[in-house]
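Below, subunit A partners subunit B and then partners subunit C, in two separate complexes.
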Partner chain A sequence: MTTLDTAPVAAPAAAPARAVRVWRTLRSSRAAVIGLSVVAVHVLIALLAPLLTTYDPIANSADEALLGPSRQHWAGTDQYGRDVLARVLYGGRYALGVSVTATLLTVALGTVIGCAAALRGGRFDDVLGRILDAVLSVPAILTLLVVVTALGTGPSVIVLAIAVVYVPQVVRVVRGAALAVVPQDYVTAARARGEGTWAILRREILPNITDVVCVEFAMRASWVVLLISSLSFLGFGADPPTPDWGLMVAENRTAITVVPMASLAPIIALATLVVGLNLAADGLSKAWGVDRIREGS
Partner chain B sequence: MLSFVARRIAAALGTLLLASVLVFLAVQALPGDVATQVLGKDATPDAVAALRGQLGLDRPAWERYIDWAGGALHGDFGTSLVSGKAVGGEVASYLGNSALIALVTVLFAVTGSIVLGVLAGLYRDRWPDHLISTASLVGMSVPEFVVATVLVLCFSVALPWFPAVVLYGPEASVGQLLPAVWLPALSLAIVMAAYIVRMARTSVIDVMASDYVTTARLKGLSTWRVVTRHALPSALLPTLHVIALNVAWLVGGVAVVENVFNYPGVGKLLLSSVQNRDLPVIQAVALVSAVVYVTCNLAADLGAMALNPKLRTRGRTR
Partner chain C sequence: MTPIVSVNSLSVAYRSGGRDVPVVHEVTLEVAKGRTLALVGESGSGKSTVAATLLGHLRHGSRITGGSVHIKGSDVFALPARELRRLRGGMVAMVAQNAGHALTPSMRIGRQIAEAGGDIPVTDLLEQVRLPRPAELARRYPHELSGGQQQRVAIAMAIAARPDVLVLDEPTTGLDVVTQRGVLDLISGLRDELGLAAVLVSHDLGVVAHLADEVTVLRSGRIVESAPTRTLFATPQDPYTRKLLASVPRLDDAGLALVGEAGEREVRPRAQVPANAPVAVSARDVTVDYGSSRAVHGVSFDVRRGEVLALVGESGSGKSTLAWTLAGLRTPSGGTLIHESGDLARPAERRPLSLRCRVQLVFQNADTSLNPRRSVGDAVRRPLQLFGTVTSPAEAAGRARKLISDVRLDPALADRLPAQLSGGQRQRIGIARALAGEPDVLIADEITTALDVSVQAEVLRLLDDLRRERDLACLFISHDLAVVRGIADRVAVLRHGVVVEEGPTEAVFASPGHPYTRQLMAAALEPDPDALPPGDDVTGWADAAEPDDLWTNHGNGHRVRRWRPALLEGNP
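Let's look at the complex of A and B:
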């Protein structure tokens, strides 16, 4: 993803201008600020999890099973006597780690392919469009299940599966945005200078669709978090005893009347993270005016 | 215009064909030999080889694909490796149960979300809009299994109005399933509506700001008339596409919710067939979902064309 933040080499004034722009965006959009702060808090909690709790998220303790919230266990314990709060705090590591990696890979691949499709056009674009349509027509959950059963569970497989499912959608959005840039004179000029596809893509097109890509990232991240948790809930994602929010809901659902907090805590964690991501995506897209490009996808 | 329709349908068929190839290839890539799977680990190599021959697994992939696709065209999807029954009939009975959920979901989601979306759009930046927009943001941000769990907690545990799990198999009658349909459908509808509300809101705001709505207002028409006669028809156009996409999404969403409620639908079938490596069933379910998706998109495109005079002449441009 280093390609995304390439500042134009010939324009030294770009860096301060960008900072000003970011600052203006943030000041103009309360939603983006709230969303980004929520996500930042989640990231902090995930990083500092060992400092915030003294409990081991996967250590069983049979005589402390199914306790309600108390001074020792703020969110109670689950059926194996594991501290729910500790599991929720550590769960952020898994959720954020896997989904950020997956989203980075997906958006990076989608951006490159989408730009290439817009730039090359013609036969390449047509064939690609057909293939993507076909991939999109198979339900995401099925593709995920097939990839996971074929390659086994584990974070890297899930990252790959998510990429397979979401790259086509990112390609569509990015291609749409890039199509608006391709007819510009400076792209024609670059072509006339004889620059290669890759150089045009990196220097002329990418800097002009950075905002679309950023919004796509936030938006896609929220979908990825949801999808990963659904997969874990169904038993195809994280393997027990990994502290994962989707898995926690699945495990504690049966005892929901006895210890409601054990299900509620991961639900709250999951929902706040996704609300944060959605708010950030919404706020940024409104502030940058890219919501028109994205609509309907 | 007719040629456009024909081209659009041809493209849809092409997509389906390609999708069927992808599905076939993907399922072939699943590890584990089917014959070993069926006979168990202790089977003699001879027996495995014999079964492979019987199942036609020793033939090249493209030959098996043509066989499978040809059969699928006639509704013959082979026999299930687990139940030994014809896959076509099995999938059809599960699909029927899922269609019941889908129907109720779409009914709830579409009517509810269009009303809410239009309200939010008309009362832009006032309290009804803030309320509806916040609610839809939350609806978008919780996974289906969470909505389903919360609904079970409210309407099966706290207030025992609806069953929390379905105890019938795939052959249950509509009457037996009907009480169990509401909670799954409502969970799906809440998640689905969240997206449609946002779309409907944006397009209502766009249309209300357009010149012809201003003209209609200046003519002295009542707000009600301006909204229902001038604004709504064109505001709902882009919403149509989102609805179609969401119906296609249902096929996936249904998998999660049906498992929460143990509802004998196609989503549950999909999950159990993946667990059991029941390849013919996985292929059939995937193909049927692809057909649903492509049909929904086609219907949305053609519907949009029928409603929008501009699209009729220019053709679809992205």
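Let's look at the complex of A and C:
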């Protein structure tokens, strides 16, 4: 009976050990730590925007238009007299909200389809591969514009458009990673037990490609942020007067000589977020790569 | 005569987690010209590490903590880079375990050999390793050769620059018995011809007995015993050596050998299968196709409850295909495959649950058959839940613990990940997982091939215990005749997807009727330096089975597929 008693104690001990290992792996890569901190700061600012500024990001104020940086308006005001800093702070909400949703959807769809393609193989894989090739051969921005013009603007349409553009690429990457797992004997064992495709995917394959999926998430996120801002800049994304970085650049670029901060501030915000996401993706992939070698030896 | 190789109290350690972990501890050995020294030990004994130091190679993160390695009088680890390069290949050459991985896939054989240096023409080298039509072979790519041919090419590369020392790291592991015999004969021939000193790393005592003049037994990086081969095999001094030797299954054991801690050997007689035992699985004229090629060609057999039927053959004989078909991973293209509770001719996902859980497969390689990200307890619980034998997670956990202790493991291991277990423990978990469905048919696909010899003995004993306790019908797939001899009640010898001989183990081993069976037995290596290959030389033969007259019956279920000597063909 003693052996049975000791076991439940070991079970909770194993979970923190895993968390500690993940944390140690992350910490070993400086790039990942910096990148993740930058992203975390962005998220915090977006969440706490109402506490950080007292200005309304939307309310116009004609007599305060086109002011330079001052004590009242740290980053000045734009042509409608709105505080630029407030709009940059609130702008993160839109950028992060839409991109996180779009990336989550894209990576989730891509992962499921990619794994299924690797697992099922055969005709399903062939047909899917050709369809994805067809989608990939159309330039991304063109697809986006077609979807947006056809279905109108709005966050849900943007999310859908992003998914159409990026799912094929995620499928490619995940399928490649899953293909290395599928021939393993534990997948064969699951097949011999007669498990369904979904159960094999969730229990046997997904836990072994989480590193690839996480890195894919971080990398896609940075591209999605850029793409959404480009759309807004072109006038297909957020509708005015929504505070959005891409839109702000588009609105204020004519006045760039008068109030340069009105254009520069959103650009700086956008750049730091993308750089942070890129660093995180880079660092994660390196950290996990190293982790893998360690486990192997 | 001064030794060519001399290793003096060599110690090697690698750094892990900020401290030195010793892997080799004060190993001393010497090899003279024309002699062969074998380094024997189980995995993790440091035998490969010692062998690699002869080439001045250390694994990343390792360093020498003491002692020295001298080749022809020069200290290997004191040599400048240029000298070291000259040493490798020029003076010491290595033949690695897996020639398939050692050869560059995109380069023709001839160019690869030429790259190895030396002045001897490539065709001469290929002729020297006894490969047919060397000129044509030199233009081929590695993947166009068989495993045995690849290993011969690797040997040709090793001797290209006429080295003085040959390091052989498990040179025949992974090759079929017949191929292995050929490669070993080649190595010993070349050694005598070129007067090489050889260091052989092996876990296979049969290979060692066949090839080595002296043997050094390593355990956890320390020398346990060192003696001339004949002395060591006849009168092993150390208990560990005795146990190691005793663990090797022999062709003349009449049952499974149980080995004690000090190496005493007791052969347990085989379990008697009652005459009225019900047939668990019955196969009739089963054929399996891979595309247009036929892997299994009309195989028939019965396995009764409590009986072990061994399928023996070389790679490509179709024995694993047959196992996978039985497990529902392939669909037979012809014939019938029937279990007492249903038809097995369908793939696993289309078998009813009640049938699926009763036929279970244990994989050859336990390292890859367990999901590295899931605890071993989870691996055992999953089939319990899937087959609906438990109703609550708590019950599943309890049953999993019971199963883990049934395979003689500590149930506390349930929370470990597979990587935290040893190879033998992982294979036991593989068996526990198969037992979770309460099967009456267990298919064991080469389950001991990847294990060390003492672990192999334990796993075999476990399998034998389990079939007695649970009355399992067991299909035991193996290429190792000595293992089969100990555990199987009946044997079926497969060649190119056809059964050439089948019958009770005793009868088949006492009087093998088919030349192919005799060839397999002759190629099996006994751990005895004085062992002579049994039986006469096998000459050519041809299949002589007629559709309505397949077998020659030898009585008591022992039958041999009809054949005739090939020499008689054409000259009556």
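The rule we apply is simple: the second predicted complex is superposed on the first by the 274 of 297 C-alpha atoms of A that agree within 3 Å, B and C clash if a C-alpha of one lies under 4 Å from a C-alpha of the other, contacts with A are read in each partner's own complex, and residues count from 1 in each chain.
Keep this in mind: a residue touches a chain if its C-beta (ideal position, glycine included) is under 8 Å from a C-beta of that chain, and two chains touch if they have at least 3 such contacts.
Everything quoted here is computed from the prediction, not taken from an experiment.
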item	value
Partner chain in contact with A:V275 - subunit B first, subunit C second, else both or neither	first
Partner chain(s) touched by A:R193 [first = subunit B, second = subunit C, both, neither]	second
Which superposed partner A:A19 touches (first subunit B, second subunit C, both, neither)	neither
First (subunit B), second (subunit C), both or neither touched by A:L234	first
Subunit B versus subunit C as contact partner of A:N208, first or second or both or neither	second
Touched partner set for A:Q184, first subunit B, second subunit C, both or neither	second
Per-residue contact with subunit A, leading partner among subunit C and subunit B	B
First, second, both or neither for A:A40, with subunit B first and subunit C second	neither
Doubly contacted residues of subunit A, that is, touched by subunit B and again by subunit C	295
List of subunit C residues in touch with subunit A within their complex	327-329, 348-349, 351, 353, 356, 360-361, 363-365, 368-375, 379, 382-383, 386-387, 401, 410-412, 414-415, 419, 433, 437
Subunit C contact footprint on subunit A (complex, rising order)	3-4, 6-7, 10-11, 14, 184-186, 188-189, 191-196, 203-204, 207-208, 295
Subunit A residues within the subunit B interface of the complex	130-131, 133-143, 145-146, 149-150, 176, 179, 222, 226, 229-230, 233-234, 246, 249-250, 253, 256-257, 260, 263, 267, 270-271, 274-275, 277-279, 282, 291, 295-296
List of subunit B residues in touch with subunit A within their complex	11, 14-16, 18-19, 21-23, 26-27, 29-31, 137-138, 140-146, 149-150, 152-153, 157, 199, 202, 238, 241-242, 245, 248-249, 251-252, 255-256, 259, 270-271, 274, 277, 282, 285-286, 289-290, 293-294, 318
